[in-house]
Amino acid sequence: MRITRGYQDWPAGSVLVEFGRTRVLCAASVQDGVPRWRTGSGLGWVTAEYAMLPSATNTRGSRESVKGRIGGRTHEISRLVGRSLRACIDMAALGENTITLDCDVIQADGGTRTAAITGAYVALADAITYLGAAGKLHDPKPLSCSIQAISVGVVDGRVRLDLPYEEDSRAEVDMNVVATDHGTLVEVQGTGEGATYTRSTMDQMLDFALAGCAQLSEAQATALAEPYPGELPGSGK
Amino acid sequence: MRITRGYQDWPAGSVLVEFGRTRVLCAASVQDGVPRWRTGSGLGWVTAEYAMLPSATNTRGSRESVKGRIGGRTHEISRLVGRSLRACIDMAALGENTITLDCDVIQADGGTRTAAITGAYVALADAITYLGAAGKLHDPKPLSCSIQAISVGVVDGRVRLDLPYEEDSRAEVDMNVVATDHGTLVEVQGTGEGATYTRSTMDQMLDFALAGCAQLSEAQATALAEPYPGELPGSGK
Amino acid sequence: MRITRGYQDWPAGSVLVEFGRTRVLCAASVQDGVPRWRTGSGLGWVTAEYAMLPSATNTRGSRESVKGRIGGRTHEISRLVGRSLRACIDMAALGENTITLDCDVIQADGGTRTAAITGAYVALADAITYLGAAGKLHDPKPLSCSIQAISVGVVDGRVRLDLPYEEDSRAEVDMNVVATDHGTLVEVQGTGEGATYTRSTMDQMLDFALAGCAQLSEAQATALAEPYPGELPGSGK
Amino acid sequence: MRITRGYQDWPAGSVLVEFGRTRVLCAASVQDGVPRWRTGSGLGWVTAEYAMLPSATNTRGSRESVKGRIGGRTHEISRLVGRSLRACIDMAALGENTITLDCDVIQADGGTRTAAITGAYVALADAITYLGAAGKLHDPKPLSCSIQAISVGVVDGRVRLDLPYEEDSRAEVDMNVVATDHGTLVEVQGTGEGATYTRSTMDQMLDFALAGCAQLSEAQATALAEPYPGELPGSGK
Amino acid sequence: MRITRGYQDWPAGSVLVEFGRTRVLCAASVQDGVPRWRTGSGLGWVTAEYAMLPSATNTRGSRESVKGRIGGRTHEISRLVGRSLRACIDMAALGENTITLDCDVIQADGGTRTAAITGAYVALADAITYLGAAGKLHDPKPLSCSIQAISVGVVDGRVRLDLPYEEDSRAEVDMNVVATDHGTLVEVQGTGEGATYTRSTMDQMLDFALAGCAQLSEAQATALAEPYPGELPGSGK
Amino acid sequence: MRITRGYQDWPAGSVLVEFGRTRVLCAASVQDGVPRWRTGSGLGWVTAEYAMLPSATNTRGSRESVKGRIGGRTHEISRLVGRSLRACIDMAALGENTITLDCDVIQADGGTRTAAITGAYVALADAITYLGAAGKLHDPKPLSCSIQAISVGVVDGRVRLDLPYEEDSRAEVDMNVVATDHGTLVEVQGTGEGATYTRSTMDQMLDFALAGCAQLSEAQATALAEPYPGELPGSGK
């Protein structure tokens, strides 16, 4: 896995995350204010939009803006990414600011949603640093933990982490696990693909996934140990 | 829980399922042929659409047909219901027939998606009986197991099954489990709501859910022990 | 005809109306305030939305929310229901409250729009009782009359009331009449189906329809003679 | 009333109809073949689309193509125009040809839908002449009658024909009547606007409307007595 | 070319412009206030919408409101017309008023977009006269120049002005030029149609176009020399 | 300017083009067959879709797929890119193959449409190499020239090439020129932004633009002198 911070110049956080051939661009844009239904609450908001470039997949996909509607899969993943990232942030500390996480898949080879979540956390952390420097946070440490996600599948009866597309498409079970660096769970989504699975397979997949997330958490921490990759408000930089 | 078969006259299967105040109408309509991308494969298809009447909720919801687009939640649940029911059916045995499962929520008080799956299985079983009587199946027993679903949550630190809306909305963790009467899992979706959860909470929720599903499986079997509630093709009935 | 009040728990009025095999669920939801264009007028508003469950018809219909647009027939009937019910209510007495009438067809066998209007009146009456108990009306009796509707057709040259779908689809003339319990007309819509009709046929159809509406009016009155089927605000009930 | 045939050069029939300040352009375009659901039946098809230019009304209306959806009123009138014109034509004689009637309101001052129907009949008659000359009809006389429409209202308690917008908007009852030159009815739509009306008012409005339609029928016949206003296929003209 | 002012009664400016068989109705409607993003700026706004009647073309086109989305060509031309007309007006002099230019093609035979711009200028000038009479302008002369547009093409190697559709469709190069009566350029759009063109062809096309625009400018001036074709606010007329 | 070929693994051509801070990913995907209206003609087809990532701009843009419709600017640029690239290709030599050019803006700082065209040509050339190796071309050299595009503007009275956003937004005139390596023009679009411009400014802008395009043409040729950056069908590579 490779994490490149500061990939774009304009958003407060912009991270290119690469897992094998999968490449996802995660951008965190900050905006004053919150959606109308939350105005006046003193709480911030974090939301996400996931999308795939038509050219990202083996066979060109059609463009959802041209079709005029977002497909079920896109909706589902956007909601998952937003929900996952909201788990690590104290909305009162964020104050009435909105952070939008755009996860755009540049190239897809399995595990795009989990790569998106893992990268989005790093972009979110950069956006928080930016907001802090701009004096917009109510509390200097709104992030209570880091968030990682990994996919785990069963192929030919064996549990495996982070399958590329070719293997993923013939997995019997497919599970996405979102976890924190404290080892707790945020979200578990496990699906039998034309097959059901036993409780003990479930347990084994969770073991693998939590171990994988622990490694991703270290990679995120290493990436974030470097200074903020752009110019911070109010700094000479 | 109450299961009423034959609730409507036209669809091959029509089941009203009631869980507390939650009431979902699950209809299984059969159609010759399969979607274009599957034509000629010899395989059948099962798909689902979930929706809520505007009047089903505490505060009237807006109508998605009027808004001109389906929301993310609706998309997500429709896909979940379809995927779950496809886990129990042998598509080759079904032959090139399509079964559409319409799950329309008449009244909502928590757990509508799991009620929809549990009811949809019964409607599907009726539709299979209908197709068998019409001589349209390639194999007389296309269903390999029954499908149930239940929600389980953690409220005030305690694991609880099938929460009504008022409690569900303040649950710390919310998990939906789809299982089979063989005790295997089809789908697990667990989400921390503004909180994360430990591996041991996860394990306890799965124990509760599998026990709950076993009970639902019996209720389904009892309901299906009665004869088909309408007129079967080719029967004197 | 059968009228069941209090069919759902949440809306202020909820009525299941059954005419032969036709079953329509009519819910009246109340909301503070009126649409923007009416704000500050001191007048209330009544609007309606009609829809059909995909499983309600002989052959499964496609879902308008999935198609992303409402068909002409749906639009036309929604407008008819709203217009018809607005004929019986004093908007100044209602005050700046909105009542939305959702008429969802559970099962269709001819005459769904007239059943919807007849049932919606009963739901509206319950919603008015609710608003009265909540102290929200400017005048205690905003309803000046009751509203009924019936369909009348000419089949094989004979005038007939309330045809089931099979006969309706081969009617030469089809007329929907909305009337009041005072015997006056609210709306008349008569259409030749591939045929034209004489003035005397028109007169005869009106005679039949007004007689039919008088009977429906009595059935509504009988149903409404029972007490309000739920808990009223400010009552011990 | 003024009827101008041959207003546009391309459609087989193109008629500008003017009633007071109301001006509607009615074009009848012919096309080989029929919609898919009718293919192979040997029957033709007639359909209509009604629309209003944004600049046609007193206050500029918004453009439905920009809003991305057609309003209920537009839908309703398009369906009414199509249904009305289908009443005069023998679909078997038409053969598998489609005639589309586009009724575009250039200027609106009340009665646009009835003007549209009256003008559309003349455009349809021209399109039939065109198809006949092209040798595409199965029978030379597919039109069994002519079609007219008129609006009639009650203003200040008096029945009046064809009200301009200013009076129409304060009419107590508004009725649109579509009739044939044989004096029979095709469609009657009568609506109380915030008022109900008696059976005897209904009768009087029908009398007025049928008398008005008879006059319109003569005006149509006079206009159609002139030769076809363009070049006919296979003619030297 | 023929310019008819006062074609419709309601808009402040309404002009029918005819170029050969091409006929475009250009209406300028005035409205108090400006779009939200411009409110409080003290500046006015001019916008345009272009559309074609389905019956305007040789083969009937489909209606964009029915398709539910505006095509690329329509979008492009609407933007071009708005941009072109904004070039001649001093927005501060206009004050916070909005003028909407609706250009509806009644009949198309090449050059509809350039006819639309040329006609829209005349409608705009009438709307300005209207606003002046109503005392709504901040400065009595907000128009700094007049705007004309013409199309020029290369057919069979020869440069030609304002081609009818039949020739336009086989032009090798197609250029639209928007100019002012001062001889300056507002917009130039030149496209090779399956062919590229040399710099010297480009120069020759510009020469032709500017000469053509000068003639159109005179025709506009002649038309506008006549008095305002309707009733002006505050005048006895 | 920097051109990176082979940026993505799946499309037949994938080029990242960078102009200052502007970065556009241009992918050329190949597909057997052509759109229905072109089937059987023996001719190929080239089409383009342009889009901007929400995070590409200074202030986050909204996602067109979420809005459910494509904006006018997107439509306009997509059409321009497709038209420009079709100018260099012999459709008969291409045979019934479709090439889709996806131009997705990763970062925007002025000149995204011209960068898209310049990059799309390189991607197209790679796709042609791929199709040639796959034996799918009717003629081995379907490209008759190369295509470049550049923007030129007038800022503070001086003509300047390829302005970054900050200067572009205050340009008085903005012109996009698409040219070929033969020095001929494909498309010229020049717009006065709140100002008009003289014929001599136009001439000077064209001079600058053609000189700039000649340089871009060399950069394209240099980039394409390297071997195809991926695996070609039928090669050992």
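The letters A, B, C, D, E and F name the chains in turn, as written, and every chain counts its residues from 1.
Just so we're on the same page, contacts are C-beta pairs under 8 Å (C-beta built on N, C-alpha and C of every residue); 3 or more make two chains touch, one makes a residue touch a chain.
Keep in mind the model is a prediction, meaning the values are calculated, not measured.
With contact taken as defined at the outset, there is no chain that touches chain C as well as chain D. With steps allowed only between chains in touch, the distance from chain C over to chain E comes to 2. Interface chain A/chain F: over half of the residue numbers present appear on both copies, so the contact uses mostly the same residues.
Comparing contact pairs by residue number, the interface of D-E is reproduced by A-F among C-D, A-B or A-F, since over half of the pairs coincide. Centroid to centroid, with C-alpha atoms defining each point, chain B and chain C lie 32 Å apart. In this assembly, the C-alpha centroid of chain B lies 58 Å from the C-alpha centroid of chain E. Chain A and chain C, compared by their mean Cα positions, are separated by 49 Å.
Taken residue by residue, chain F touches two or more other chains at 68-69, whereas all remaining positions touch fewer. Circular chain order, beginning with chain A and continuing to chain B, reads A, B, C, D, E, F (contacts as defined at the top).
Contact residues of chain C toward chain D in the complex are 69, 71-73, 75-76, 78-79, 83, 86-87, 145, 175, 180, 182-192, 194-199, 202-203, 206, 210. Remark: chain B residues 8-11, 14, 21, 25, 27, 29, 31, 49, 51, 53-60, 63-70, 74, 100, 102, 104, 106-107 touch chain C in the complex.
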